[in-house]
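Would you mind keeping the following structure in view while I ask a few things?
Chains here go by letter, A, B, C and D, matching the order in which they are written, and residues are numbered from 1 within each.
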């Protein structure tokens, strides 16, 4: 049995981790920590788990977590994980960070987009970007896995085959993404109240959203050259789900068949990517670890429109974190993530 | 022109008041106050009103409001209005309080249900309970109008004819009420976040909700004897609307015709009560000042089931407050409240 | 492996059955039938299951289903199952009917409430009412299991201990129930369109809903005498979930402890009933087979208010049907129904 | 008083017309027609209007409507209006068509995108495209007004200043639009059921949506040359509202100031366009005739991102139709459309 700790267990991503891990046959929940609810039971904060996950919520102390665990999941606001993780912990334990601190390879980019110092710079070289479809091999031996962001997981997976196979003009990429409200977290902000969110849609973080450099980093890596793109997130009155509608101009001479081949080349055999004959809807992947992808070519304008859908809390956060753990610990990659379809 | 002040203008009821008053042909908005947003413009907090209601948000000081206004609407948490209002202000101005402080005639009941002292005890005798269908005459000359609660408006109007005409066994009344989330106000509580409220229904305040004594007070008055009842509110994932499903056992010998006559006797000619041939749905009255009411007799059990629907922010708060102002200032009672149907 | 057929696989309850059965380790999906979509694949109608449940949709012919199956689930409008099932099929196979045809013991009641003839009268004596918490023993050997209705499951479980232990006045029961929209089925009715349902709440079937006699039948059985009650269902703008708010007057001399004892007596050890210290919310049981129950005594009126919550498609339909199958086939009762909490 | 007929009065756009017209001080509702509900009263189909708009629903016969009306609003599926309208009717009456039949100037484009013949070809030259911000003068004298589509109104208004002032590369335009469900109409389709739409987002009509040529027509007119663009609509789980997120590459040398000037030049003084300092949200314009617009320049990519929001049933349909009527009949352009902000 793998002993697991979750620090930040009462946020939306953290509680989703608890849900998934509590049904994982090879895992034992060893330590749950919560800054806001320390001293309560998990089921006091999430009564849905009454009588099923009644574990106490402990101090958010990574040392104490490490004492009793093999793997430590961190689900914290940016800037905190990088202060918590130490080289000593990484020697013996696996840390999977659901936050942003270890995702960007460039400290400068981190400072520019997050507007703060980075406190774990020395550990950054050890960090692997935990997107299994692209980095599965590195994840296998890693002790520090930077779990990708929700928008980024969806957007990168949707565009990756087009970029990697050089089928699109790299300066033409526009990502128009839509997310459910759980992506905004569980903090008490007026903007997240039911009456402020329901029956409305809005864009936010226009030109400034922090997932932009993360998408650019991975697509640049795939392209073998710098990719700069426009990314616009929107808030949709639903709880879960991300849809990325991605636009790009096809490179000269690229055919529909080339596009098909690229997607199949990248995703055939992948357990959690489904290339679908229908246009994805977020409900099709709700509560699952799937990323559904489809694309259409607009002959009139020479563009390809690729659409990807995930559950932001599963493939966009907790599910992918468990997938990464499964890989890192040589468990069955799909263990605890086997749902047949969205619900 | 009646000059109007709104203290507590940025809560949900307060902003609804601003909406209605800003379209009232006989009213000029003279003073908007907000504890949390003082110094901003109203449209900074409610961008829906950009370029239309750009008034500054002032200090929540009733004296300053009174200096420039004829009517002062108070939309504040309980316990505050009773400290603000003074006998001097009431001499010259009309105060319409949307909070609970002046609704209960009994100080003991107030202390028991609200768990705090009452600071305006000396003014209480002047207060009129502002439910026009029952107290229109007293409202006309009043300078202190206690605007009824949302659940109470709906529940009292739905049961009033049955109680007044002694058609039901008074100890048999059960009110099962359902409200949209705006009734919980605009405060930053985890419980009101979109992801906590959406896709779920719950009861709350079971046996302890503060609207209970208010309903009992008015129905006791109508019955001419003490009425004690069970009231259970529920939270529904929608923004606006209250539905009160009211149950009572018919008194011996009461017929369906008696019930019809009672409702018609009470509400024929009332501009905002519609006795409908269909079972009310809250959407039928959304954004209007209507209270739609229907009832059915359950021959199998000898019960009458009466259902009422209102918009909690309009007939349940701001709309009724404006109706009370219209009456108090001898304006057309329906002015600014003429919507033909729910939206 | 138990071979399972689902007739009516593309309705909401039917597709939920497919979901649960497709993850059941002791079950093989042998036959899916759909009246409307025969010839398509299941995943054509429910793309959420793309590449996971691609089975063809066959003719809704119970003989053909029986040829290849051990258990046949029927998820059909009332009046159809009773014509399909035959004594021959019941000799060798187990039929679990999610519809209403075999629930009521009294043909007269069936005719009165459903307004149609009953075509399976001769089989009715064989039918067991499939509520495991009450009829587990009979279910074990049965070949014809009448799976309870959604409102009825929730309402009966919530009231059963009070009635069985004679703690309430039996003529005082009122059930005010609230359901998500999936309870209305997947038929193309204007009333179920998003824009007709969203942002509103309504009562329907007031005094006439067909789940009334079913609740009365089971509670009468528990009481040992006839129980007649008032049941009012409401439609809530959410997809899944039922909340039953049940009211009754306590019998003379009954204490809070008596009530506690009754509930514990009935439900201690039950895998799917949770007596909770909090007031149930439907989200706590969403997608699970739990029925969460709590109660409060209103000293002021001498009433008990008991609240129960289920997922109408799981414990209220497909989950309970699988639970019944598990019992009938001597499998682990909780197999495929082990979710730790609502999602 | 202008006497008004609405043919197609029970669809979502038609009923919104009835709502607005019933509060219009210069209009008398003279004839309401409904194909599906002929013989009923309007308030039977829309009980929200009980006792307020109880007019009978007549045959959908334009001649009969013309006999008693000055203006005839047609709110019908495409292909029907063009068969109904005649030159004779246009001689004496004003027809405002909310459908698509008279919007496209090119019969070929109509055939290509709508896949059917056009039956009113001879009247097409008379038709004016009813977008007041661009065609106010032509609307004034017109007898046949083609009311723009919902997506098109929002998208054209958002992009018009950029195109007209040649500030963007015309081949770079991408419109990613999001709509509430009322845009799909009131027809009984499985896809529009609450449970199919709620808690999900999807794209549809990718590369093929019929509003594409309409947007291109008007922007080409503004540009003085052919504009070809990509338009992708999405369905959002809300009732009303459209948000158009529009992307384009700035032409060489264009500054932020140039963009500001262009928007002000086009919209200063316009009663229903608000250039807002905040990013638009659809709730800010809900139930109003406003189009809120903002834009941001992405220095990193040289793009401008312009966002527009409307209520699809008001500025996107019925409200704009009334605005067109107000102009055509020389009434106050804002009459019956004066709401101060979204609700």
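The working rule: a residue touches a chain if its C-beta (ideal position, glycine included) is under 8 Å from a C-beta of that chain, and two chains touch if they have at least 3 such contacts.
It should be emphasised that the depicted structure is a prediction, and the values quoted were computed from it without experimental measurement.
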- Greatest separation from chain A - chain, by CA centre: B
- Query: Cα centroid separation between chain A and chain B, in whole Å?
  - Reply: 46
- Query: So what's the Cα centroid distance for chain A and chain D, whole Å?
  - Reply: 39
- Item | Centre-to-centre distance between chain C and chain A (centres being mean Cα positions), rounded to whole Å | 37
- Query: Which residues belonging to chain D are in contact with no fewer than two other chains?
  - Reply: 198-199, 237-239, 281, 283, 286
- Touch graph of the chains shown: is it line, ring, star, complete or other? complete
- Query: chain B touches which residues of chain D in the complex?
  - Reply: 19, 22-23, 43, 46-53, 199, 274, 276-278, 281, 283-287, 292, 338-343
- Message: For the complex, give me every residue of chain C touching chain D.
- Response: 12, 181-182, 186, 188-190, 192-199, 237-239
- Query: Inside the complex, what are the residues of chain C that reach chain B?
  - Reply: 171, 174, 176, 178, 180, 198-204, 206-207, 228-230, 232, 234, 236-241, 243, 245, 247, 279-283, 286, 296-301, 303, 305, 307
